[in-house]
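Two complexes, one shared chain (chain A), two partners (chain B, chain C).
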Partner chain A sequence: MDLLSNKWIINLIFCLFFTASLSGDVGVLHVLESEANLDWVLQNGPNPPYMVILDSTLFTRSVMMKLKTGSSRVAGVVVVAPSSNPAEGFSPHTTCPNENSGVYSESYDPALAHCNVTKWNPLGNGLSYEEYDFPMFSLKDDNDTQAIKQCYYDHNHVVNGSSPRYPLCAMQLYSHMSAVTDTATCMRRNGINFSLNPETVCDPLGDFNVLASTRPLNYTDKGHKTGESVVIAAARLDSRSFFFDIAPGAESAASGFVTLLAAAHALRNATQDAQPNRTILYAFFQGETFDYIGSSRLVYDMDNKQFPLDLDNVHSVVEIGQVGLHGESKLWVHTDPVSRRNSSVNEEVEKLIRNLNSSALNLSLSLQEPSFSQPLPPSSFQRFLRARPIPGVVIQNHNSSFTNRYYESMYDNAEYLNMSYPPNLTPEEQLEYVTDAAKALTEVATIVARALYTQAGGSDPIQLKNINADSQMVTQMLYGFLVKSNNSWFQQMVPSDFAIHLRDRPTNFYVGVTQQHSEPTLLVQYLLANLTGTTVNITQDNCQNQREDEDDKESKHIYSYMWVQGAAPPNSTERVAFCVRSTVRLSKALSPAFDLEEYTSKDYSTWTESRWKSIKGRIFLVASHELEMLTLGVGVAVLIASLMLTYIISSKADILFSSGREPTAATY
Partner chain B sequence: MTAAVFFGCTFIAFGPAIALFLFTIAREPLRVIFLIAGAFFWLVSLLLSSLVWFISVQISNKESAAQQKGLLIFGVVLSVLLQETFRFAYYKLLKKANEGLLTLSQEETMPISIRQLAYVSGLGFGFMSGAFSVVNILADSAGPGTVGIHGDSQHYFLSSAFMTMAIILLHMFWGVVFFDACEKQRWWAVGAVVISHLLVSCLTFQNPEYVASLVPTYVILFLMGVWAFYSAGGSLRNLKLCLTCKDKDLLLANHRPR
Partner chain C sequence: MNLERLPNEEKLSLCRKYYLGGFAFLPFLWLVNVVWFFREAFLKPSYTEQLQIKAYVKRSALGLLLWVAVLTTWITIYQHFRAEWGEVGDYLSFTIPLGIP
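This part shows the complex of A and B:
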């Protein structure tokens, strides 16, 4: 059985969790046929608690809310994931994502707060943000799931409202979560030292942001850097879904950062020889789904002299949001109306939009601003605006509400992005095949790269024309992140100790807890290093020690060196490894609330994840309560009867066994 | 199937054995020692038979179901024969021990009679045999489910417990009859014990037809019980006296110094 459960993720304001008992929850199986059938589970059924099996069509808000209210009779819920995406869309996120952690609050502009102008995610049913008193698991629709349903039909199914007879088919789900109530309580409990081994019950969500710059930055020199003017090119790295371990995030995350990676590669040559005036900082933010963990941390670090730049060094921000194109040829450029009321900011923003439009000349895509005054969609740029009115744009594929029908759900996958491969291709051939999705994203990447070049002050028109994203690279990246990360291209670009972690399934974009490195962060780090860095001819020892030669003590503050596996030349099987020098850095993406120990903070993300023990499930038959009690009764009766009988016999033993009594001892 | 079934089956399987232990053995240290020694002898016999079983399974053809079934029957028969051999060995050992104890002790009569030894050793065999039969099943019965998802009968736990109770009592009866027969050199009785043990073990091949295996076992249990009662010195007259409570007078009338 392939089980995916929902981990217990809690926040101060949103307590979404599942209570599950330590020994596992047992419930009689019930396959829900329709919403009306819920009456059996909630009222009429004679053998509560029930373990409800739902097909994905019934996994809706109304069914879940009804199950939630009747949770004393519900032992757990199992959702059978379909093999193809539901046509009508499904999004367990809220209708207004990151409502309270962006820039639009009552103080900024009350008319724009709380999605008053545009509901960004209209299909959102908010299921991910509810509290449930029972565990919820997801199962793939395979043979094991068929066996489970068959067990129900054999033993539990009734017709015409009669009661099913024991023994009944039941299921037990183990998913004990240690955390309680909310983040503040949970973090407080972490600190209690009653025993020799204080038990941590929850951990903050977070990971690392991946950063790189066209000019190297000295990371020991923190704070404002005079004369430095930086253009930030941002994208988000993470996504989520209702269930743990399956967050394909194709359009909500991958479309954006793959485009930025391709743009960074396209800009490599242009920014190496004749550097434009301004530095371009490529920023891939982690944890944006959970109230902007990564971007809020970077802004905090910049504001508090924990970063080699500060917010006064930032000239403008270009963010790539959801840019998957499904046959359209238009992209939308979103800006913040409030900061544009300032004329100097407005001028810079208009210049930026002109740059973007001129970069799109002679290409098949066009860029347009939304026709009416609208706030920014949920984006990392909002956190920058909270600190300073910086000019910037967010590029999206939607005019007002999201066109993504599967925002932050398990259906936001390669199939949704129209990554279709011709049949009968080997994995290697699929890796190389340029899909339509890849072609579209390549165009976007070219536009972004050229716009960044111009924005950074580059003025050579020949250089500009030569900036082109590589569609081969884009399709390989899309394949690696959304179909299979264990492929030959990724294998070449990672160090050998990470290569064994590459898997034969799509990447999971859930940010996870700070202690656990998430796979996409590391993959993007290695990719960015290979795509923007240079190969240097130094020994493995020097490379792994972050130095050019034995006496070099300075390079490690500016560059980072990676010893990657490389490819095997055609005639042999031994990989030729080499050293890549780049300006790629990881910067900690942990919400400032945890460093400041303000667990009830309204300014920063306070999401944590509960610790959990093993997650598993099993099915078996259960006997009726009466039979169990009967067995106990018979046992007690046998015990008492034998005690009495033995007492009687042993007290009369002399009489009973008197004939043939032993004569004197010597005979035997 | 939860704690109720666990305790119910434990009491069924070990109820009589616990009662016997509490009332007849627990207070006499010598009997406890011989009980445990008896259990140990049974354990050694099982070890030997499992060694043979393990080797023969490794060299056999694991694919052929018929061969595996044949191997199982062979294993059961071998185990029964080994158990009875060890019972005989224990008897010989106890005889020698008794003579030794007698020469060492100050008293004139033996501290424990061969008849009591027969009972105690039989019960020891029974305890250990019952434990091995049923402890794993009891551990599983404590879980939330019951047998049956692959189509087997859901009375597995209950019938295993009853079978174990029968086996424990049978071992006790066999012990008594066996030692008595060895004392009196009645080898046909020894053979009858071995044959009835084989019969009971082979009846378990009827499972999962629990009725077909349990009912004959209980019939054999009753018959062996009667035989053991007579071997131990009981008689119908004694039984009638006991039941009609005339025993008190009899005791006084037959009172003699021990």
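This part shows the complex of A and C:
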């Protein structure tokens, strides 16, 4: 049985969580047939609490809200995941993602705050942000799930209005969560010193941002760099869904960062031979789903001299958002209307848009600005704007609201991006096959790469024409992130100790807690190093110690070296490993609120995840309550009877056990 | 220890020790005093020291009652309101239950 549970993620302002008892929640199974059938669970059914099994069509806000209000009779909810995406769309996120952590607040521009102009995620039902008093699990629709439903039909099903008789089929779900209330409470409880059993109850969400630059930066030299002007090319790395451990994030995350990876690769030659004036900083931000953890941290570091650049070094920002094209040929360039009221910023933004448009000449895609003035969609660029009015654009596939009907849900997967492969291909052949989705993203990557080249000051038209993204690479990346990360191409580019962690399933883009490295961060780090770095001929020992030779003490501050597995040559099975030198760095993506210990901060993300013990479930038959009481009663009666018998026998022991000969004259 | 075998002066001295000891925030000593010396103080035929023993037992019982009242009140208030007290409640606690507020 493949169980995916909803872990307890808590925040100061939004408490999204569910409580479950320490010994597991037991409930009588009930397969919900329709919304009207909820009456059985909530009012009429004679054997509460019930464990409700929902088909995905019934996993809607109205059903869940009714179950939430009747939670004394609901022991848990199990959702059966369908094998294909629901046509009408489903998004458990809010209608206005990251509403309070972006740049649009009352003080910036009240008319644009709280999605007054455009509701970005109109299909959002906000289910992920509610509080539930029972555990919720998701099951795949396979044989085990059929067995569970069969158990229901055999024992629990109501026939002709008569209530089902015991024994009934019941299910027990264990998913006890240690943390409660909100982040401030659980972080305080983490730190209490004189408790008898100090136990960490929750951990902050976070991971690392992946950064690389076209010109190496000296990471020991933090703060403002005079004369350095940087163009930041940004994308987000993470996504989520309602259930833990499944966040395919195909359009919400992968479409953006795969495009940026391909663009970085396309720019490798152009930026190595004749460097343009400005440095391009590729930034892949983690944790953006949860109130911009990664980008807020980078801006904070830049502002506080914790990073080799600061915000005055930033010339402009180009962000790639959701760019999956489902057959359309138009991309939309979003800008911030408030910062554009300043004429110098406006001039730079218009120059940037012209760069983008000229890069799209002779290609089949076109770029356009939205027809009316609207704020930026949720994007990492908003956190930069909070600090300074920087010129920048966000490239998206939607004019106003999202076209993504499955934003931050478990249905935002390869199927949604139209990554369709011809039937009967082996995994190797699927890896190499260039899908239409990959072709479209390749075009986008070429446009972005050329625009970045021009924006960075590159002026050679021949170089510009030679900047082309590689569709083979794009399709391999899409396969690796959205279908199977354990494939031969990824295997070549990672170090051997990471290669064993590659899975035969799509990558999970949930950011996870700070202590645990998330798979996509490491994958993107290794990919970016291979795609923008160079192979250097140094020994494994030197490579793993971040130096070119034994005496080199300087290189580790500007470059990073990776010893990767490599491929096996055609005639042998031994991989030929090599060293890749690149400017790829990981920068900590932990919300500044945790360093500053401001757990009630309104400026920074305060998301934490509760600790949990075991997550499992089982089904069994239960006997009626009366039978249990009867068994207990009989046991107690036998106990009392035996005690009484013992007392009677011992008090009459002299009569019962005497030989009967002596006349008993003694009085006691 | 079998009280039957002790001479009366030693019984009195033992009762007094337990009575005085209970003032050191040890209400269980008073509980023991009451239970142990109850028969001696009230149910045995009278002897010289019994009056004093009776006094000690009565006062121990009074102290015990007071302690029970105070502790019951505090425990009820704490168990009921600890969750609402937030920070103060957490700092007062040695063991905080997991998974419930």
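In this text, the second predicted complex is superposed on the first by the 633 of 668 C-alpha atoms of A that agree within 3 Å, B and C clash if a C-alpha of one lies under 4 Å from a C-alpha of the other, contacts with A are read in each partner's own complex, and residues count from 1 in each chain.
One rule holds in what follows: a residue touches a chain if its C-beta (ideal position, glycine included) is under 8 Å from a C-beta of that chain, and two chains touch if they have at least 3 such contacts.
Predicted model, so just to flag it, every value in this text is computed and none were measured.
Visitor: Return first, second, both or neither, reflecting whether A:Glu550 touches chain B, chain C, both chains, or no partner chain.
Guide: neither
Visitor: Using the touch definition from the top, say if A:Leu196 reaches chain B (first), chain C (second), both or neither.
Guide: In the superposition, A:Leu196 contacts chain C only.
Visitor: Contacts for A:Ser178 in the overlay, against chain B (first) and chain C (second): which applies, first, second, both or neither?
Guide: In the superposition, A:Ser178 touches chain C alone.
Visitor: Please indicate which partner A:Glu106 is in contact with in the superposed arrangement: first for chain B, second for chain C, both, or neither.
Guide: In the superposition, A:Glu106 contacts neither chain B nor chain C.
Visitor: Between chain B and chain C, which makes contact with more of the residues in chain A?
Guide: Higher number of touched chain A residues: B.
Visitor: So, A:Ala170: does it touch chain B (first), chain C (second), both, or neither?
Guide: first
Visitor: Over in the complex, which chain B residues touch chain A? Could you list them?
Guide: Of all residues in chain B, those touching chain A are 1-2, 4-5, 7-12, 15-16, 18-20, 22-24, 98, 102, 108-110, 113-115, 143-149, 154, 157-158, 161, 165, 183, 229, 232-235, 237-239, 241-242, 247, 250-251, 254.
Visitor: Taking the complex as given, what residues does chain C use to touch chain A?
Guide: 86-87, 90-91, 93-96, 98-101
Visitor: Within their complex, state which residues of chain A touch chain C.
Guide: 19-22, 176-181, 185, 188-189, 192, 194-197, 199, 201
Visitor: With touch defined as at the start, can you tell me which chain A residues reach chain B in the complex?
Guide: Where chain A meets chain B, its residues are 24, 26, 151, 167, 169-170, 172, 619-623, 628-636, 638-639, 641-643, 645-647, 650, 652, 654-662, 664-665, 668.
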